[in-house]
Amino acid sequence: MSNNNKHELLSKIWSDFSENKLAVGALFFFIIILFVAIFASVISPTDPYDLSTVTIMNSRLAPMEEDFSGNVYWLGTDGAGRDMLSAIFYGLRISLSVGVLSGIFALIVGAFFGISAAYFGGRYESLIMRIVDIQLSFPSILVALIILAAFGKGVEKTILALVLVQWAYYARTARASALVESRKEYVDAARCLSLGNLRIMLSHILPNCIPPLIVVATLQTAHAISLEATLSFLGLGLPQTEPSLGLLIGNGFEYVHTGDYWISIFPGIALLFTIVSINLVGDQLRDMFNPRLKK
Amino acid sequence: MKPILEIKNLKTHFFKKEGIVKAVDDISFHINAGEIVGLVGESGSGKTITGFSIMGLVDAPGKIVSGNIVFKDIDLRNISPKQMQDVRGNRIAMIFQDPMMTLNPVLRIQTQMMETIKAHDKKISNQEAYDKCRDALGLVGISSPDERMKAYPHQFSGGMRQRVSIAIALLNKPDLIIADEPTTALDVTIQGQVIFEMQKLCKESGTALLWVTHDLAVVAGITDRICVMYAGRIIEQGSTDKIINNPMHPYTQGLIKSVPSRNKKGEKLHQIDGMVPAMFCLPEGCAFEERCHQRIEKCKHEQPAELKQADGRYLRCWNVGESHER
Amino acid sequence: MTAFILQRSTQSIVVLFVMSLIVFCGVNLIGDPIYMMISPESTQAEIERTIKEFGLDKPVLEQYWYFLKNVLNGDFGLSFVQGIPALSLILERFPATIELALFSLFISLVFALPLGIYAGLKPDRKISKFIMAGSILGFSMPTFWVGIMLIMLFAVHLGWLPSTGRGELGTFLGIESSLFTLDGLSHIFLPALNLALFKLSSVLRLTRAGTREVALQDYIKFARAKGLSESRVVNVHLLKNILIPVVTVIGLEFGSLVAFSTVTETVFAWPGAGKLIIDAVYNLDRPVIVAYLIIIVAFFVFLNLIVDILYSFLDPRVRIKGSD
């Protein structure tokens, strides 16, 4: 595609996308969140995991309360005396990294299986799609539970569980669009020319699968972040050493009944905003790419 | 003789974010009782929207912008939705193009037929309505109608589905049937049958018929009068004989020459040069000007007005024919 | 159609079998639950005795064979933690979960279906856009967090409803349920609402998408062209077509509700099977984990089968073979 065409395509995508003002706002918001997550260590007022600065004397301070040395904690402190604002910044980083990382792996695995299934067809395709269909008929939390029950807890195991939950969504989408492409005549022509199968799949079929895959990627990332938070909250996901937002909420749960709401609420709001903004963007992308709604 | 349908200066525009599409841009024609009128044009010429405009079925972002649609002294543009419902399917019926998609796949044929009758006659009994439907199926040549009534649309072939649509159109003995490409989606062998039957039924019941199509050959065979549409305007209209044997507008001439059966063996097939202009950027002059071999300077700047010719037909062309304003 | 049922049933059995294999391998081969039972400082003799008692020393294939035999007899072994048969433990707690899931389903359908149909028919109205934006919020909010919020608002702050546990049981038509007592209702309300909110959003979005697609079809326009009243067009023509995908969704959503009850039950300390499994995974209580997974997988497979059969029954195109 020439540079001019690329430029035109991008402006068209942007103009379609910006029809929905809410989605644009969400995108903007998400970029801010991304920024916070990446630069968490720089912009946090304190390092909540530096044991030398955290003291139990500061525990459970309400938002905007002062401690005995005159520091104001905007969002209060948790049970161990850690600054909530900083904990949330670090938590965002962990939640996002786990969500995005697992999404990328799932995308690669899922796209590989989906595209190859559509391309090679036959029994191979039937087998793969049967597995995908069956896996998708179970709720994601159940699949994650099975995997975590089998493999145990921990960061890698959680990411593994998330990848194994998500690959099926990617595979199904990739196969659907790859199927349309594979049946086109130029693919037959390329096969006749004995171009390598891998080359055909990568340079011809894959590009056409990208728009729907982007939609799925966006929505699945939100889903992954939410799932990880749920698992960590239940104590089954990330360990205490990697405190994602879900874990923070889980830790704060015991204080709900005593009225120290801020320990759960604020990480929850951060989590909520993250997921909602990603979903709003993904939703608009999906409407844009859906041919059936263009009447 | 007063026409049963009179359309004057109808404009139906679509307001899209890329611009305004003037699907129907100032058309005027009439239909007399019992007449068969052909509305001919390529896809995108606005002929289907004309049919929908009459029925009041133009969906957003389309809107009838101006003009008059008068059906037997009723101003169709200024009646309540309830009154329009009374007209639809009852006094004016419509047959759609694609018989596969016209019938609801999850409802039985008898349901879809009987509801048409019961919507317009609250007092009729189920048995009476059922009998009427069964008779209508027989009328359009469907055998074993009782079995067929209980069936679902997907159990019918395309040709039979279209016959069911025709039967539904005839159920309430309407004064006018608008048939939008009724035979286009059918096999050639069935086409002939359906065309013949429709013509016969209309003549027998005195129902007027507006046959909307792109197929000039079909229209030449059965219509009394023809209106030729191009880019949202009627560029020529008059009696079928006169137009087919002596087309005046360059576009009509091109259409007639393009019909394959008119070719001599071995002769190159005729084509009209160029393409229909995109609906978003219609020129300020005549829409056909770019492709016309008989264009003059005026054609580029001014849209031709509809002018009555000596033999009674109406023509929109600056260069051909005489100038008698409508 | 019988061929279809047969095929799906066979497929279901195969899935169950494969799942049992996966569950067995996963739980029994990875992780070492032996140290859950006895302290790592126990003598070698004690360790060996425990291994023998729970059959952990036999070759894997033999273990699996015994496992399969036992499962088909309903014997999943004794819970490591509680010492009573795993199966009875789960079956004891299942009714509470089903009760919660059913009530949630009811709540979500009552709101989601009409709202979804409205939003699908009139997608450009401000209300519809508002509903859709709201639904994004609905399924973005993680269930557990909504639960916490609900507790904070209604239980702690306002003190209107209890925040934990299941209420008193009442009997009606031979069925015992906490839905039949006022106390029971006050206890089930918050957790059911929590569970319902998530599903409400997805059912609403699906209904709206389905409605929008159907509303654009030619046969709807044709129905109007016949002069039918708008209410007939919507209630008969539109609804019957939407019903097919919606019923499928309801079936699957119910299954999902049962699965997600694990979270809600933990937040609200609802004594159902969901809370049981979470504790079991946490404590590496193998028999209970295995029993729960097998039962719930069987439940899902069965549910999917029912939904498939229902779908093919409702859509005449599948039920009766066409002519072309």
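Read from first to last, the chains carry the letters A, B and C; within each, the first residue is number 1.
FYI, contacts are C-beta pairs under 8 Å (C-beta built on N, C-alpha and C of every residue); 3 or more make two chains touch, one makes a residue touch a chain.
Computed from a predicted model, the values in this text were never measured in an experiment.
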item: Chain-level touch network, classified as line, ring, star, complete or other; value: line
item: Most heavily contacting chain pair (counted by C-beta pairs in contact); value: A-C
item: Centroid spacing, where centroids are CA-atom means, of subunit A and subunit C in whole angstrom; value: 23
item: Computed distance of Cα centres, subunit C from subunit B, in Å; value: 53
item: Residues within subunit A bordering two or more other chains; value: none
item: Subunit C: positions in contact with at least two other chains; value: none
item: Subunit C to subunit B touching residues, read off their complex; value: 124, 217-219, 221-230, 232, 236-237, 240-241, 244, 314-317, 320, 322-324
item: Residue ranges of subunit C touching subunit A (in the complex, touch as defined); value: 15, 22-23, 25-27, 30-31, 133, 136-137, 139-145, 148-149, 151-152, 156, 163, 212-213, 216, 252, 255-256, 259-260, 262-263, 266-267, 277-278, 281-282, 289, 293, 296-297, 300, 304
item: Subunit C-facing residues of subunit B, complex; value: 55, 57, 59-60, 81, 85-90, 93-94, 96, 98, 101-107, 115-116, 119-120, 152, 154-158, 165, 168
item: Subunit C-touching residues of subunit A, taken from the complex the two chains share; value: 22, 134, 137-139, 141-142, 145-152, 222, 226, 229-230, 233-236, 246, 249, 253, 256-257, 259, 261, 264-265, 268, 271-272, 275-276, 279-280, 283, 292-293, 295
